[in-house]
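Down below is the structure, laid out as structure tokens.
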Amino acid sequence: MRLINRHPGRLTRTALVALPFLLAFGAYAIGSDIRLTANPSDKLLPAPSTIAETAHRLFTMPDQRSEKILLWGDTAASLIRLGLGVGISAVLATILGLLIGLLPYVRATLAGFVAVVSMIPPLAVLPILFIVFGLGELSKVVLIIVGILPFLIRDLSARVIEIPREMIVKAETLGASTFVIALRVALPQLLPRLIQAVRLSLGPAWLFLIAAEAIAAERGLGYRIFLVRRFLAMDIILTYVIWITFLAFMMDMVLRWLSRRLFPWTEASL
Amino acid sequence: MRLINRHPGRLTRTALVALPFLLAFGAYAIGSDIRLTANPSDKLLPAPSTIAETAHRLFTMPDQRSEKILLWGDTAASLIRLGLGVGISAVLATILGLLIGLLPYVRATLAGFVAVVSMIPPLAVLPILFIVFGLGELSKVVLIIVGILPFLIRDLSARVIEIPREMIVKAETLGASTFVIALRVALPQLLPRLIQAVRLSLGPAWLFLIAAEAIAAERGLGYRIFLVRRFLAMDIILTYVIWITFLAFMMDMVLRWLSRRLFPWTEASL
Amino acid sequence: MSFVVARDIFQSYGTRPILQRVNVTVEEGEFISIVGASGCGKSTFLRLLLAQERPTRGEIRVAGAEPAEEPGRDRGVVFQRYSVFPHMTVRDNIVAGESFRTRWGMFSGAAKRAARDRADETLRRIGLDHVADQYPATLSGGMQQRLAIGQALTAKPRILLLDEPFGALDPGTRLSMHDFLQDLREETGMTVFMVTHDLEEGFKLGDRVLVFDKPRWDPHDPNAYGATITYDFDARDGGIPFQRIKEDTHVFRPA
Amino acid sequence: MSFVVARDIFQSYGTRPILQRVNVTVEEGEFISIVGASGCGKSTFLRLLLAQERPTRGEIRVAGAEPAEEPGRDRGVVFQRYSVFPHMTVRDNIVAGESFRTRWGMFSGAAKRAARDRADETLRRIGLDHVADQYPATLSGGMQQRLAIGQALTAKPRILLLDEPFGALDPGTRLSMHDFLQDLREETGMTVFMVTHDLEEGFKLGDRVLVFDKPRWDPHDPNAYGATITYDFDARDGGIPFQRIKEDTHVFRPA
Amino acid sequence: QDRTEFRVAWSIYVGWMPWGYLEDSGIMDKWAEKYGIDVEIVQINDYVESINQYTAGAFDGVSATNMDTLSIPAGGGVDTTALIVGDFSDGNDAVILKGDGELADLAGKPVNLVELSVSHYLLARALDSVGLREADLASVINTSDADMIAAFATPDVEAVVTWNPLVSTILEDPNAKSVFDSSDIPGEIIDLMVVNTETLEANPDFGKALVGAWYEVMGLMAAGDEDVLTAMAEASGTDLAGYQAQLASTQMFYDPADAVAFTQSAELPATMINVAEFLFDKGILGVGAPSADFVGIAYPDGSVTGDEGNVQFRFDTTYMQMAADGAL
């Protein structure tokens, strides 16, 4: 039988899914062991047990000064920023994507501009963003928006353009105005793609969040990582990295689930 | 007539394309003027004429110390890093995308792992990358790869999975082995999408390049931007930003042109 | 003045002529079948009738009005593909035939209930009532096409354009769709243009059958000439056609 | 032992039965037409014959061999859609019919030239020689389907499975494709299963016509029962069928 | 113009930790209230960004070194006054070599440091002292301070120049050897609180509140108040012992009189000329700068180095003197 038609059984499948994770963990454990044997106080690759202890401490023990658990405070601060940045971007991208995709006039005006703006490296214009939007929460949210909005607009407008002409024409023959076509034909078909696009842009969004928090913040996951990076507290960094990865993964799962829940017609097929 | 069916004429179109660029330029010029009136030696928003002078100097006058034109050296260094990072990622992503998309066993093994790895914020694990790959060129190329490879793999494998089952079955009935299906059916249909995906990931690639160059480098566009940030030489930063934007835009154009040249069948349609 | 008048239509894509010198007048309520070799430009002609495209030369007038600028509610259409909305259930697809003309593209309250009831009635007639709550993607190709026809008819257009609507239907369903279509024609008296590959179907349903073909053929460059109407059969007298040869053709169809 | 033996086939998707108790034997070289209402499971049966899916119960054997595990070169297929490779020119699509079985999936040198010549010959026969260097997307739906058939036949399968292959062709081309198909059958003596909506076509081409229908019908739950072969007509004697009623059906087709 | 609300930025560094404590403990609020104003002290993680923000006008004051004040705000035309001279580095900045060797062995080696920072200045001074020039090095590799420790751990790095707390962390490595540090050039790397001159002139209360609050904390630190020091230690990510070790290599001016004396000393103009020359040599003073004297620097006695017509950087002991006199 061709490899292409060979499907793993239930058990094999579980084993296969776990395999690369186990290998990665093993490689880390061995690398850490080699370094710790050479220098017991090496900070770069702390032993997995050290990371586990640190993680336990970070998740449960309140900070002495503030008597709050820093990790949760950091998480809340970061998630709010991320949620605002991604949420605002998604709304703007949907509206602009529809306009650019449907209306030739708007497309002529904005498509080229968005294409050029999407090429500007946001990190390089960071100082300007901070001046214009201040150093507060706003500037962090804005950096996320500046970072992911052009991509979202380009992706979504391309999807609107991809809607078969026949479908638009059909709607026109049913008497639909441009507004109704946007609202009832294009938008519903765009939304599942919006979720896809948001899933794709969560990675860059985290990146910009961390970059923004590294420069000016009093709390946040990126702030903490940046702070302890100077001391190479890799046990804390790795705990935070794993935690961020977990959060990002959960968000991705939720979005996927949401897409299935909200748009059953994308899954249903012959 | 519906807005949806109204197309701008040739002249209107040109005017519309230029409009947002002119507005952005105007806004900058006014902002700069306001600040310069308040403080003539303000560095934050240099006058457009100052930027033009600086740009002219950067592009043509050799550095006093090294007697080379720094901008060209920076550009060459950055483009080589970017090219290597993106090129290696593209090759790896194509191979892995095909394997994951076509073979259920590989999909079971890697799909989950890639999904998790793609959530790790690459900037946070930089210290580990440094230790493993050193501080030289390699680590910068690796950061780009680490940054964009998971996205590329996910995008490309999704595209392979999207290839209609009928087409694969048809190839099977023509006696194609898994290898031939990968080589002659999946790969050619993947390549245009690869170019699309590379176009999408150039943004993040620049970002990681700049981040890597900001952290440890002797030359490069990102290095220069972060270096002169130390004395807020916004005229240099803006020149570099515009230059990077121009380079990124040209790359995008070239890739699009390449896609049309190499894969005429994606454009051709009824 | 005839209801639909196409005068001296030329259409080319780039430098390649597809249609040339197409002249036809159609009375209100006539059923026009269009047949012709594959790729000869039948769908193109339909797009022109629909005002989805404008001809390179010539003009098409309906009811003496100025040539339409864009598709509208007076012209219904069913394409070979993409004629239903994948994100709406089967029932909502039918309701869309009525609701899209409204400000928000949807009904609410009592109007909504009434529209749903009418939609269910339509679904019963086209035999899709048992899948009213499913999405089109779960239907077989044939059922999807039935739905598309039902949807277009729900909007009660004055002209209905059909591009091989029954190409994917099995003979039984096809027959019942013929009946359905003829019923609705009687009710509404609308004018129908139907592209079909089935001559028999064309003659059965049509009052006239237009044949598109290339009047000239350059063996060295098969794309040098466009197609036009070479025959215009009168199909009313129960299959005993009254032929009017419009253009001499020296192209012989293979087999 | 018969060439193709389907024994007691059941197929369900999830809990919904599509096919039930399908039994049929086919001799080598027979041409089997399959008709039935839209959505009744004809394409599903073809997928089972193709070994693209395995039945929930029962088995299909060809030439007495073990049930196939996956599609292979002995079974050619033409689907309703996606049967040609969009990234290859029309000519290369035909060449693929021969070259895909090789190690690298392509020919080189003299073999390549020879294959191209054979492909051009095939293209002439199916009337696509003037578009040999174009990509499928530039062809009309009908031409694409012709290409798909030509491609499948080029691989000279022992069994050819056709899922409404002529549904989108105009009558003239359809007739020439019939001839083409019959010629090739004579040359190769292959066994053909063809799903069609056109009863006449089924009887013209087929040695036998299988009718799929639901033998039972639950008015409250139309999906409660699967379809099976309710009639198996002998179509050889020039349209004067010898009927063998296989199952009593009390489902009446609309119209 | 008269204002009652002020914003001051600071970043984490041993000599600036009191600013964080000032804000957290409420001491700043207390002093601000006394003068009927409101002062917000904002921590910025990125030191350069904090100075840039100040230069752009987002803050009224910022913690900075003498060198960066000269290059960024003063060079950028923002007239800036050194309100508080908090300390000078006395070993906090160091040139560190991997393996055995001495300063002269730097020749032919790559050196990792934050380019154009005080580290760069320290390196230039160090090379001077043994008759080398930057051109004698294999290369100078700009390396982010946040990643300096990780960088030192990689095999291709042979020498780094950096500051505390990084220096003490790197020196924990038995392989690391400090070959030159800021105690070899005492009083040249000075940590300041600089404020906008115009703002200060229009709002003397702002200066008084900052200085008053600062020296109250200095008093607590000088007295060795463990709670205060522990809070600062934790905020900088270390423990009490670690922080005290860093303080040991910092010449803090706990007594305002000492700060006044240092600022009025004759060495300061000489240092600033050195710094200006270094900056000019590196092209930091901008293309418009015809010479190292492009920016004028004024001293408490009224003397000026550099261009008298373009004084943008002023050392002013008025407010520290008030603190010394107990007049606040």
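Order of writing sets the chain letters: A, B, C, D and E. Residues in each chain are counted from 1.
Assume contacts are C-beta pairs under 8 Å (C-beta built on N, C-alpha and C of every residue); 3 or more make two chains touch, one makes a residue touch a chain.
Note that the structure is predicted; figures quoted are calculated from it, not measured.
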If we look at chain D and chain E, which chains touch each of them? A, B
Dominant interface by contact count, named by its two chains: A-B
Approximately how many whole Å separate the CA-defined centres of chain B and chain D? 47
Using mean C-alpha positions as chain centres, tell me how far chain A is from chain E in Å, no decimals. 38
Multi-partner residues of chain A (at least 2 other chains): 2, 44, 127, 131, 172, 177, 229, 232
Can you list every residue of chain D that touches 2 or more other chains, as numbers and ranges? 70, 139-140
Chain E, residues touching no fewer than two other chains: 52, 56, 146-147, 149-150, 153
Counting only chain pairs that touch, give me the topology of the graph as line, ring, star, complete or other. other
So which chains actually touch one another? I want all the pairs, not just one. A-B, A-C, A-D, A-E, B-C, B-D, B-E, C-D
Spell out the part of chain B that touches chain C in their complex, as residue ranges. 1-2, 5
In the complex, go through chain B and note every residue touching chain D. 164-167, 169-177, 179-180, 183-185, 188-189, 263-265, 268-270
What does chain E use to touch chain B in their complex? 48, 51-52, 55-56, 68, 71-72, 75-78, 112, 115-117, 139-144, 146-147, 149-151, 153-157, 283-287
Residues on chain D engaged by chain A in the complex (per definition of touch): 69-70
In the complex, the residues of chain D that touch chain B are 50, 52, 70-73, 75-77, 79, 81-83, 85-88, 96-97, 100-106, 134-140, 148, 151-152, 155, 157
